[in-house]
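When the chains are written out, they are named A, B, C and D in that same order, and each has its own residue count from 1.
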């Protein structure tokens, strides 16, 4: 049940709207799929900043009495979190709220820095103290350290960061919204029904609050939103993008527009390509709910074989489900996914899923389908095998636990007990998205990292990264 | 968000299995869709009975520390509840646990009695006192009152009950499992992996605990399960059945076998019939998730028009979501269901849903689709209009609030703002199920009640109901 | 820490005051010392009755949101409970709220019936069912059973009850307030600041709500309070009273007037008598806080030896204190009572306490005083040894666990490790209260029970109890 | 009910004991009187540090499941808190846990720095960031900043602190225990039953865990406790002490030894002196429980007039008590303190209390005594009037709200409605303690501050403070 790749995080921000705290609250719900470990909102009334953060789901953290303490405000940022750097403890929950020579600041961060240890060590040497184990706190240390010595401390700070980062800073007089020079993670700007500016990781959050999509924040851009309106400056020249392809495959909400394309459409296309790459004569196409549905529809459309909902998810089984005794090990899987026997029994089926992580859950699902009478099971996965760690904001399992590490497709198929198995090829996957192939980071599949993850540096090596500072 | 018809309840029971309490716990999860208002488990160790009941979801009521207090037992019954008779207060949560001259008894009830007021009044006259406002407590009063005066007090008791009832009684030495003579609600028997007997409202609960389906409890049958095994007796002759057709349309889990048929298959068939009854030239078929999916697939299959997932549900919005300010009235709807603009924009669409209750939520959804650019919206509902109250265990809204009451389809379509609207016809609906038409209760659509709901009586009028007592 | 004799209960009632629910809430706080296991309030708005009961302290059960649901009412009853009959489970919490042919009724009970099993069995034979294991529910069964057959069902009901009972019934149109014919437990009437009538177990509750003491409810009297005012009738002739002397020794609040006398004054007098019975030459008199303070002051006054506070209680150690590891067994005692070494060290002391139950806690306290340097410890107890169970509302430990059972004072002194020990004599104790000796029940000390506890009967034997019915 | 002067805090520490976390837990209970706003425990297993802190009482914060997460440790520090610097928010709860170039550190602080703003500003200039608004966090910043540049960073750090501070630092390999050069607040060392070293604010915490008192931490001393044993160094020469006299008057637990004397004995002596300064012919001496008891006993002893417990406190009224409607304003006071009418009625009484803060609660109490029939009320306070703010760790109300500010004793007596009023004189008070008068800080009474509170400095002016560093 916990075998999923973990989302990094989601960020949200709004300035000027008298309903800011409520909008942030809705934004947290809309982006809950990006992080279920902790969540928080920070607000300002133009003078003081306050924050409430907690462990768990938004619905557990924000009761009415808590939300009411934040509504007397005209700006807010919100954050959903899954830990990548920094363990799962309350003090790591975001937005982080700190005070420094520039006043109070709250910060929400989606992504992961690859040079955070270097920076943290450097500032410890200078006598700085840390409250959290997150890379996010490091960013505030840099901001504070450069406040008096630089005319634009934020630009100076960002030039030290290597890795993936979509950031939303809340100050008492403005939002500062930042996207890393490679555009690893999405970040979009919109306009609230009240006419105010807002930002979010995904467009689904804009839709949820009734906002209109304006544009993406550009890689290497800082957008400032205040009572004076919105302005923009760059801290790095335009780079070759490194958009995370896994956002399309699995992470983002199907209804979101990510990197310029609707996720749902991309996923259907992945399924169509999968059908072309690995056709098989079967009676029906069965999606693994909910994640495999879009690709399964695409597979069905391309193959002409009927799509049927042969597995029904139980919506009530969550974190608090108490695992039964050892003698019923598979109960959680059976309870979570009910097989519709009449649809499966005696049939040759294709099962479409988006990914396999450790494989043990998938194997239990396949056994369940066999017990329900499936005659042949052909498993189709809508992305290539995941064989390499991600350093840019996705928390896959320990590589040693990934089923695809050091196993062939044949070995995996044997382990899972399926009649055939096909992973979508890298080329097949990349043929389903619009931008040129080299505009995406696909390192988790290929091992081809866009930044030198083995030798992170204190400050961006402009030559190596072809970065130039904005004048 | 709360415009749904409310399920009546779900019952579960198991005897002999040393893992009984855990099985009941899983059974509650599996049948959570049948009642989210309260839940409970009663157990016995062969000597004393204990129960834990609470308000809310199973996940809220049964923490590990609570479940651990029940596991020292070899039999258990469980109950999920939505109030029909009796308001929403803790003392009405089931199983009810009482003590009487026959010892302790716990009772879980799915259904609704139409003569409970008569019976309650009668026993109040005799000096009985009541703790709850449920019809279920009345049944225990009858059992106690007949204990000394009848050789089979349970049979005597049941002959006084008019209405829908699937009952599971737990005594210290046995389970007694009862289904009303008309078979209004489902009730099935299975065998646990450990080889013990169990019962549940739906087969999905058997699947969840890994049990094998044995058979239905017959209408008018009492099944006794104890350490001596299983035995059966009848308390009423076989009747013309009155199976609730709404179980197939909406209530039951799609993976369950209900009244001998798989729900999912029936629902696909409803969609196919709908396509035949009301074809229309459109670009795609859009299901209203999650309830409209099966019928939409059937509609797509019969019409040959592509099925697409154009609406994405947010799984995190639940009871605790705090409604935002009035200025964002539609936010809850928008947040709960995200429209995939690229799929909807510029398209002529059929939207398939299973039912419409008050209509205001549906209208908001239609507006959302329009804003996303839908060119034409044709709404197709996979059952006839609901125009009459149910007295047999479903809690529809006040008839005055049902949109179909005193409105034509045209008026409803205007209210909802759709280009066309079609409800499946009664005959169309009944053509999708196997048993003869008159084996189903369809009173909520037709007003044709199988029992005289206006003149309930103290005891079954055997002539009128063609009942004969078992010798 | 839990070695105390358990109070039976406290009752409270008020009629007509628009602030009734708040007054009941304060009354529960004022009488919390009479029962910390559960508490509850039932109210009526003149039409419906509602109740909220819970396990634990008043402060845990009644949050503002809960109390607010009750304040729309003009009458209320309250109850603090410690189990005597009926185990410690939520359904036994009072007031019990039931419905019967006479409408809704809520009941709070302080005391214990000795014939409840007989009555319970009788009504089980008649087909009645029980929700609780309390003797209190039996009373409602009798009331319901006699409703149609008697002109005054309450009087008929009471004539069946044997034992101790101070009762407050809430009906939608009145309070009925009852005290048993022997006056075992206190029950008083007062007038609220708003001029309405109220009742309580102790005068401390009247003081707490600012009410004026009016009079005691007479033994054998029913007081009816409604919008028409207060009226009285008798259900039994005046009897030889059997006031519980232990209310004065230990149970009641020191500031209360009980059976016509102020508890604090009686307790000082007990200490004075103790000094006369068992003088000893020491350096100071040390009270065991808080219960031994009054008697210690009396002892000091009579002996002329200085009174000093040598033991300081920790107010924060409560039920939720987590017992430390076995290696620190005495920690809870040490933490709860801090010895002031400078006062104890090198001194000969008299320690005055009100009672000893099991003795293990007392022994730990004596060891603590020794370690603090006490040269001689002379323990003085302000009542005789408790050697017999109470059937009238006090839950002493199992007699086998009472230290005084089958032990001489010398043996007890050796066990406790004190230099001398004296229990106040029965005559000494009785010389401190005003009424004649035979007006008090002292069975826990003497074994001399006022009712035949071994042969309880279905209905009062008027001859044996010299009762006559009121015409 | 909240009119009390607020304690600053309590600290606790233990090293080496395998039961450290449990001992800290008991220590928090024992020192709960020093701070009820928040509490926390930090532990180490010799490698990592972990902490759990929360708002509220120890009993609310530390459930068994929480405490169990800390017990796998061999050292612990604990902290009870009332805010003086820093508002009442969760992030200010202590021990603070931080990471810096020297590794992890946890810190608990009792006292208040007068130069924290200067220090905070200085380090903000250097680019440091802050998580809390407490002066305690500043100390960690200094420690981190001096880590690489000084051979003894802790000594260097302490030389910058001005004010009151008893500190307990937990590192992974040692405790560092510090008391400010003036000894404002108490701090003692003991030996646990297991033979390990421990420290606490008060000896009552040593008693509670069964530890033996060893000695006080000296003003200006650092005590290091590790697996190698205990060692000591000084960071400042011996100064003229400034022990807080209010610890004796009100704050400390009566059973504690503070500044070399038992608090209870001092308080009795305060009462004796009060009797000599302001004798009056009355019938009895009544303590205001619980704080006035010791002084009242002293007054009684010196005057020969009987001491009687005429006011009985209700132990159950706490923070969660819901204030009733406006029409019953005095209810909380009446409920909290019950007057024993028979002791008060018709009597001339002396009431002894330890202090008066705002006066409104005292006035309500006096009214209550009048209503109970007191003929004359003579109020005696066992310290001088509080007329000046404390900068060293006590949070009195806003001076404008202190009743003694700008009022004569006569005016205060009139306000309170008493027949006479006497505050103990400064000389009288100081005659009751052992050390020379100028060894105590009595600024809250006299306005005579021992440090220049109006011109705090960055670093100790050694000349002015006569400090010399230890070599």
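The rule we apply is simple: a residue touches a chain if its C-beta (ideal position, glycine included) is under 8 Å from a C-beta of that chain, and two chains touch if they have at least 3 such contacts.
Computed from a predicted structure; not experimentally measured.
Asker: When you check each chain against subunit A and subunit B, which touch both of them?
Answerer: A chain counts here if it touches both subunit A and subunit B, and no chain qualifies.
Asker: Through what angle, to the nearest 5 degrees, does subunit B rotate to match subunit C on its C-alpha atoms?
Answerer: Rotation angle between the two copies comes out at 180 degrees.
Asker: Using CA atom averages as chain centres, what separation in Å is found between subunit A and subunit D?
Answerer: Distance between chain centres, rounded to whole Å: 49 Å.
Asker: Whole-Å distance, subunit B centre to subunit D centre, using C-alpha means?
Answerer: Here subunit B and subunit D have centroids separated by 62 Å.
Asker: What residues in subunit C touch two or more of the other chains?
Answerer: none
Asker: Which two-chain combinations qualify as touching?
Answerer: Per the contact definition above, the touching pairs are A-B, A-D, B-C, C-D.
Asker: Where on subunit C does subunit B make contact in their complex?
Answerer: 97-101, 124-131, 133, 140-141, 144-148
Asker: Help me check something: in the complex, which residues belonging to subunit D touch subunit C?
Answerer: 19, 22, 25-26, 29-30, 32-33, 57-60, 62-64, 67, 193-194, 204, 207-210, 253-255, 257, 262, 264-265, 268, 290, 293-294, 297, 301, 306-309, 312, 314-318, 320-322, 324-325, 327-328, 330-331, 334-335, 338-343
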